[in-house]
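Common to both upcoming complexes is chain A, partnered first by chain B, then by chain C.
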Partner chain A sequence: MAQTFIAQEFTTFYYATFDGDRSALRNLYRPTSMLSFEGSPVMGVDAIVEKLVNLPFKQVAHRVATQDAQPSSPSVASIIVSVTGQLIVDDSEHPLNFSQVFHLVPDDTGYYVLNDIFRLNYG
Partner chain B sequence: MFSSPTPLERRGASRNLATTTLKSAGLIDRDERMRDANDKPGGRKGPSKKTGHRNRAMEMYKDAAAGSSRNALTLSFKMRLQFDISKLASRISTLVDPVSIRGAASRPTTIGRLRRSAIQTTTTRDSSSRMKAVDVWREFVHKRYNAEKRFLNLERIADDDILKKHNIIPPGVPGNTSSREMSVIFKLAASLKPEVQTISLANNNFSSGLYLSGLPHYLPNLSNLSLQNNGLKTWRDIEQFSPRRGKALNLREIVLIGNPIRDLEIKNGRKDFYRSEMTRRFPSLEVLDQEAVAKISFAVPLSTSSSVTMQPPLATAFSLPMAPSFITGVEGSIISNFLTRFFTLFDNQRTSLASAYLPTSTFSYSAVTSIPHRARAQRLHTSSALPNQRKLEWPPWLSNKAGGSRNLTRMGGVEQTINRLHIGGENIVKAMQALPATVHDVSGNPEKFCIDAWPVGLGETMLLFISVHGEFAEAPSMGVRSFDRSFILAPAPEGSTAKLDNWDVAILSDQLIVRAYSSYEAWAPGPLKVQSSGTESGPKILPPEMQAALRAIPEPKQTMVFAIIQRTGLNLKFAVECLEGNGWDVERAVANFESVKTDLTPDAFL
Partner chain C sequence: MAQTFIAQEFTTFYYATFDGDRSALRNLYRPTSMLSFEGSPVMGVDAIVEKLVNLPFKQVAHRVATQDAQPSSPSVASIIVSVTGQLIVDDSEHPLNFSQVFHLVPDDTGYYVLNDIFRLNYG
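Now for the complex of A and B:
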């Protein structure tokens, strides 16, 4: 069940980085990565980081409520991770519920995000 | 559902549907049919002479242009505001070209319509132009629309040649106080493409807000409205189109220059009162009478003329737009076929889904039992409109023969983690059978589902990544739950059970998240709605000195102040100020707070 540990480590790291310095998320994406953020697609590490850095809030904190992970391919050690939680933006008293699905794929240096679907659409 | 490949097409289709519906309904019901000249045997007096109003229009044009540039300059220097204050005014001034408006009637494009209309029932008196009144209005609206600027110029309706030609009595002229024509115009305007953003109703002699009562209903997304030089006098007139009773007209800019309601207040030195009354009624307003709206204080004196209690806004927007489904790089029919078949079998015959999975495929689910913030504020869990919600129970999801919810943040140990991941078709359907029975409305409203999907090249195979958000009814209570479901699909391998069972794709990974119901409206395109009630954050604790000061306030004001503190998070001083500014009306105070809260400094809060 290695993928569950990788997934947990990944999400912890991902959201801590996101909440601290979004531009550092660069290391987790590659030129082939694709992010669909609330229905708007962004491809490639540069565009993805630009999208994330320019989101309309300064401070943000993610609170993970649930998280699940599965292997996603019999041939490649890829992992699919589903997360739900709350986004607390600029100390707003109204958390935004989000759901996010990561498709993690290994390369020489470790796992990176090949696909990322983010939705603020629940709740 | 799932039948249209892209959101764009899907939206297009629904628009077409709406248009068709409107058309087949003849746009207006029989009783809504417009008054025509036959209703008025005496006819009407011709409007002012051509030369006269032409001059007026030209003067107006000059005035508006001069006024707008002056304002823009002053404001951009003085206030350094980011938005373009004079947008509406300048748009209008550049677009008001009386010559082109008048000349349009003879454009060749209208001939086809005229000819077609000629065989329809005559309702106008003038036999030389045998058109139904609604067709006249349709021609009028199309002629007046500048699609490029998304600007509908409805100025000086009475002077329009089309109406004169067909002897139609326009709204606003003496003898026609009906709001029907305007509603018809707004209804026709609602079908214009692209969607109307700006309307000018300047110089129409409107002495009642009733003419505008159809506006919020037909054009809820309108953002700029000019009513310059009309006869609106009272707040009741304004409230005909202000956001209330669930009809939100989120106007960004309004011009009321040249209306008694504004001009009298200004003359009497009560400009601040007028402006705060307007911004209270239109919380989304950014520019009023070509001046930016300052959202900084509670300076809202008590309104004595107001007959309508402001509803507190249900939600405020967060500046992230919600977008519809995003599907790319894959034929929509593949996704549509797969999801339709999958959910139909999941609802009716879970065992037969076994063939869709490969021996290595995985399925797991997790349950989110907390009620989301906005859903709670909307009381979806106790709503009388959804009586079954109260009968829903979580235990069938949390503990069952499938091992239960697999939330990795709350797992008891490695064993649980393993037991709750189901591998291979047989095990997967066995686990699924242990879950409550469901009904996904796959043939119903496609808006109820939100799908993100695209192909993924991984290793040697091309996979398909799908994420679906939606809702299902759960047996036995038939209460509604929301869900998120992610699939990784691969083309069904030759010789696999999936291939043999006519699945185009096999499921490699299937992850389900079941959660408390939050309406699918949550992902309706547009600004993200953030519920603005503090219901979930628990009672706010006051510092001791504030508690003492609160107790010193006599009842019933003490209770009101406490309520405001609890609902807004304001401190005692500002809560009192807010209530005083709103005539000790708690709902109005909260509404006022909502409209200014983003501009309040931290020292206003607890």
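Now for the complex of A and C:
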């Protein structure tokens, strides 16, 4: 199914970029994009990139454990992607479980992120 | 914000119904609704209800830890809701972490669930 392939390509690119150079995630967002990071909501490209770049860690690595994708509209090729996995921050020995939801919406240039919701999962 | 209120009302109702009588979740789905449960996708009211009713536990209780909501469309009052929490199954002493995403779409009768993605989070 197309949404599964697109979702896999997206998450691979997203987390490689996040773990390499967070400022390069800018191209994935638009003025209407929303990010909720640990319950803190921001909107728009500049606010989202500022939030991501200023997160209080230097090195980070995401390990994706599961990803699921579904089409989110009968009329547009938009996709909801749900990811769970682990986050390793600054060489900590203790990975953190996370879950993240992306809503990918097509435009002239490909897909952008309209919705982005990130949460750490404490056991 | 309206989506936060609607999301809270929805998740309270959804998990109370799930934990009480799963078959009564039928009214929340439509023929186009999709459920991915632990990576297994089904579509449509009957298939979704059959999946939920036949899950291999009798008693279940959901504890919601976090919920985030964002509008998912500039033109329709649809909402993406991301929930994390714990699941207690058949009086087990070991709660399971879960994450679940709902895409709520309005119709004549209120909101229905177009997308539903459920995952357990193993640490």
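Basically, the second predicted complex is superposed on the first by the 122 of 123 C-alpha atoms of A that agree within 3 Å, B and C clash if a C-alpha of one lies under 4 Å from a C-alpha of the other, contacts with A are read in each partner's own complex, and residues count from 1 in each chain.
Criterion: a contact is a pair of C-beta atoms (placed from the backbone, for glycine too) under 8 Å apart; a residue touches a chain by one contact, two chains touch by 3 or more.
Quick caveat, the model's predicted, so the values are computed rather than measured.
S.K.: Comparing chain C with chain B, which touches more residues belonging to chain A?
M.R.: Counting residues of chain A touched by each partner, the higher count goes to B.
S.K.: Going by the contact rule set out at the top, does A:Q70 touch chain B (first), chain C (second), both, or neither?
M.R.: both
S.K.: According to the stated criteria, A:A2 is in contact with first (chain B), second (chain C), both, or neither; which is it?
M.R.: neither
S.K.: Scan A:S99 for contacts with chain B and chain C and give back first, second, both or neither.
M.R.: A:S99: touches chain B and chain C.
S.K.: Show me the chain A residues, by the header's touch rule, that chain B contacts in one structure and chain C contacts in the other.
M.R.: 32, 34, 36, 39, 41, 65-66, 68, 70-74, 80, 82, 84, 97, 99, 101, 103, 114-115, 117, 119, 121-123
S.K.: If we count contacts the way the header does, which residues on chain C are in touch with chain A in the complex?
M.R.: 32, 34, 36, 39, 41, 65-66, 68, 70-74, 80, 82, 84, 97, 99, 101, 103, 114-115, 117, 119, 121-123
S.K.: Could you please specify the touching residues of chain B with respect to chain A in the complex?
M.R.: For this pair, the touching residues of chain B are 7, 318-326, 328, 358, 360, 362-368, 370, 372-375, 405-410, 414, 417-418, 421, 450, 452, 454, 456-461, 463, 465, 467, 469, 482, 484, 486, 488, 490, 508-509, 511, 513, 515, 518, 522-523, 528, 530-532, 534, 537, 569.
S.K.: Please give the residue numbers of chain A that touch chain B in the complex, ascending.
M.R.: These residues of chain A touch chain B: 1, 4, 7-8, 32, 34, 36, 38-41, 55-56, 64-76, 78, 80, 82, 84, 86, 89, 92-97, 99, 101, 103, 105, 114-115, 117, 119-123.
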